[in-house]
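Heads up, the thing below is written out as structure tokens.
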Amino acid sequence: MSIFTSEDKRMSLADAAAIVQDGMTIAVGGGLSWREPMALLRELVRQGRRDLHVVGTAHGVDVDLLCGAGAISIVEESYIGFEQDFGMAPNFRRVCESGRVQMHDTCCHTIIQQLRAAEYGVPFLPVRSVQGTDFLRLHPEYKTMTCPFTGLPLVLVPALVPDVAIIHAQYGDAQGNLKILPPLVADLFFIRASKHVIASVEKLLPTDELREMEPNVPYFWVESVVEIPFGAHPTSCYPFYAYDRAHLAEYYQAAQAGPDVFSRDYLARYVFEPATHEEYLSRAGGPAKRHALESWKDGDDAWKALFTAPEGAIA
Amino acid sequence: MSIFTSEDKRMSLADAAAIVQDGMTIAVGGGLSWREPMALLRELVRQGRRDLHVVGTAHGVDVDLLCGAGAISIVEESYIGFEQDFGMAPNFRRVCESGRVQMHDTCCHTIIQQLRAAEYGVPFLPVRSVQGTDFLRLHPEYKTMTCPFTGLPLVLVPALVPDVAIIHAQYGDAQGNLKILPPLVADLFFIRASKHVIASVEKLLPTDELREMEPNVPYFWVESVVEIPFGAHPTSCYPFYAYDRAHLAEYYQAAQAGPDVFSRDYLARYVFEPATHEEYLSRAGGPAKRHALESWKDGDDAWKALFTAPEGAIA
Amino acid sequence: MNAGHITYATLPEVMIYQVARTIQDGELVFHGYGSPVPALAMLLARRAHAPHMVHIEGATYGINPEPPFLPPTSNDWSLSRGSVMAIGISDLFDIAARGDMGRMFLSGVQIDRYGNLNVTAIGDADTPRVKLPGSGGGCNLSGDVQHITIWTTGQRAPTNKTGKRQFRFVKHIDFISSIGHVSRDGVSRQALGLRGGGPDWVVTELGVFDFDPVTHVLRLRALYPDTTVQD
Amino acid sequence: MNAGHITYATLPEVMIYQVARTIQDGELVFHGYGSPVPALAMLLARRAHAPHMVHIEGATYGINPEPPFLPPTSNDWSLSRGSVMAIGISDLFDIAARGDMGRMFLSGVQIDRYGNLNVTAIGDADTPRVKLPGSGGGCNLSGDVQHITIWTTGQRAPTNKTGKRQFRFVKHIDFISSIGHVSRDGVSRQALGLRGGGPDWVVTELGVFDFDPVTHVLRLRALYPDTTVQD
């Protein structure tokens, strides 16, 4: 929704995250346990952001972390959980049930149609589905109409323009061109619909090298780029690393044990105390852990082993 | 709009083209002088197709040829011409001015929104532009409404479902997976919105080789695949060949000289008399011509030389 | 211990078989994330009676993948291995919305007699008693997909902390996350203008159900040998 | 003989310069196919006063290309050479529709005093006297783009076969292909709900024009040294 033409978009993690202000609507890239911009989100928490409205499709630890840190007031996503892995998202569940966070649950195609409306510069897009479900009750901003072409009922969903899209990409250059590898989830929709885009990348490349990779996000949509290797940890970022199941299990146990334990055992240890991303990585297991998460490349057995539950880790 | 799951979609040019029937709405891939499915279109003409309704964005010799052969009754495109190269499209102009063909001129974003409506399974999409222009007069099927969100006027353009998309891709496999190289123009929109997709490809590859190229069209949208090297001639199909400017000049002169000359000097010679695509290529210059059109790879001077007007070729 | 293997061993193979049976050859079929039963049923169907089924893998949207194992999270590259290509999230939902998705699988924490499902919240939606993870794409897909198989491994009602038995099949559904045959207001899916045919089969750990073609109400079709109607 | 060079040599450099001057630094700028004057003006502007302009090349949609020459057809790979990437046709039009395209260039065979342009048909649209090639994306873009430069190399009226002088600036326009400031029915673009600001500059082979801010009518701003008002 804007054009950013500076030649050098490189920023510190702190400066990039500071583009997000209290009360803004944010769209978080990736999904479930894949390519979520965790380093940027941890920085948002460190900076004490409040009252964020988060929108998207199916997410996990990213949104649950923001819920557990008290950074969010509205969740408008299609799913927040840990799938068959650990099940429900403890912090998300707790803040919804206490009423501290408004659950504006949505559905994947609905939110894509809303982002597309923003992308196409029109006030709404029509949707045939959703009718007959209680999502209409939850979203008084949707309208219904009788289609002038078919005479059948339709739902009109309004354009959704996030203030900031927060993206983690595999590759980028200083100017802000990005190469995001699939599953892209909703990242390209977020990027095209949002007013600001901040991106962390695993690897910053010279533009000529990035060109060979056929980037899929042009620089003029991106406002800041931060190189943060392992910036999606504990979610996965192939072809670099698989997700850190042991870390997620530790996260889940802390969150499950209630807000105080979560604050002490997770937020303090992994978000507030580490002064730098390097310090975070070192607390999260250091080079040995990083090496282990890269071992998915060593063959199916090594890869499979990364999904093994650590002894006693799952409640 | 359909799912085609046969394991082997390879067909003869004649069988593939026969999927198009008189009166159908067709979407022709490529654009201007680039990657147009010319071999398939010549076959349509040979089979005597009539009353086709052709839809798309900015095209050239493809639609002009169909106009000159009497195959079309409605043209719903955004532009038919030869740009600064040769200017207006003689056959298109003639059949519009005589009233034999209805000019349903459209505009690029409008037609994309109509194809998107088909793709998203909704009866229409809204458009903010078009208002104040005479395209509304030309298209009574468009509707206008007051937007229930903004109170401002909007145009609603109906879903457009072509019967057949006719595509020329660089690469494909027997199952119908395709790799189309950019500019993609509207090809992916046509493929997703149409009931049938027939494709010619420069090169048929084993599936494992195609996978390495990261195909962008899944097999289940494609009903037939025909391998036709130089199947886009006289338009370009990089990285294989540049367009054949001398041939287009010959085409233009014949078309400009009136329907009788065009029938005799172009249609007979290049469409009706050649029994096979190989025979067509041989009449169009044979191996020497093919080699010349591939010479764009030899450096800027060689490439530039391909755009030189042949002596006296332009009227 | 491998999660894929745990999954495989602890889920009743008979359920996977029953879910696989609902798939027709030649149709495009999708399962969502967190759905090991449909995932395995689709792999089975494609190897057995539906070789021309188009398998779209949940979350990676890989086409006809040959995953080396089933990881417990769904946006994982292992799940698109062997695919010639993957489509995007929008392609997947658009395919359904234009009527080209043959079958999909949905589950629910509450299931009512018309096949409406709740995976959003128990209690009041403003401050729910239990906030469930959410419907993912289920809300849209329930309206759009040609045929839907409902599956659940939790039909047998457990007792909660207060000793009350919690039934998965409920008379009153707290939140309709995905639409079955009749809405809360008694409107049929046809009158709502929905494209898909709605759920036709319900496979649980106890038996197989379908819907009466006239009343659209769930009815028992078959019990597995080791279960009773009392369950 | 190279077409790109022919083009370059035969078009008045002063026109290219005047068109380039209408471009601001930092804005996203697009030219359509068959538009050598804007194409050269954009290359010039980016090298001169607008280094942060985003150049989107007509038809290939290459970003900031460094073409080795200008071919006479626009979907040509030579026109995206040097781009880090290209966007798609839909991206281009969507960018304009959401208000992010700063400037675009349009031409017309008929131009009326409000900047409405005709590139569709002379005469009646049902059976036109002259069928013109069509507007490409001009119709949509004329409504959406922030600022539009109108350019024409054919303002000086030639005489036709019957000796009648054919003016490019016309009182009555046969077909409005792209909207200027006021519609055929006298409705302003604001009242039409259009997003863009409409044409602000008109550059011809004779001089430079703009639009009166109150009446929205075309007015002469500068003549080139070798032309007269009579022309």
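Details
Think of it as A, B, C and D in the order they're written, each chain with its own count starting at 1.
As a convention for this text, a residue touches a chain if its C-beta (ideal position, glycine included) is under 8 Å from a C-beta of that chain, and two chains touch if they have at least 3 such contacts.
All figures in this text were calculated on a predicted structure; none of them were measured in a lab.
The chains that touch both chain B and chain C are A. Separating the centre of chain C from that of chain D, both taken as means of CA atoms, is a distance of 54 Å. Look at where the CA atoms of chain B average out and do the same for chain D: the two points lie 26 Å apart.
Centre-to-centre separation of chain A and chain D, using mean CA positions: 42 Å. Chain contacts: chain A has residues 120-122, 127-128, 147, 150, 152, 154 touching two or more partner chains.
In chain D, 94, 96-97, 144, 195 are the positions where the chain touches two or more neighbouring chains simultaneously. Touching chain pairs in this entry, ordered by label, are A-B, A-C, A-D, B-C, B-D. If you check the complex, the residues on chain A that touch chain C are 30-35, 57-58, 77-85, 88-89, 92-93, 96-99, 103, 105, 107-110, 112, 116, 127-135, 137-138, 147, 150, 152-154, 182-186, 189, 236, 238-239, 242-243, 296, 300, 303-305, 307-309. Chain contact summary for the complex, chain B toward chain C: residues 1-3, 5-7, 118-122, 173, 175, 177, 192, 207, 210-211, 214-216, 218-220.
If you check the complex, the residues on chain C that touch chain B are 26-28, 52-54, 63, 84-85, 87, 91, 94, 96-100, 102, 144, 195.
Against chain A, the residues of chain B that register as touching in their complex are 113, 120-128, 143, 145, 147-150, 152, 154, 156, 158. Note for the complex: chain D touches chain B at residues 1-4, 7, 33-34, 36, 59-61, 68-69, 71-78, 80, 86, 88-90, 93-94, 96-97, 120-121, 125-144, 175-179, 183-184, 187, 189, 192-195.
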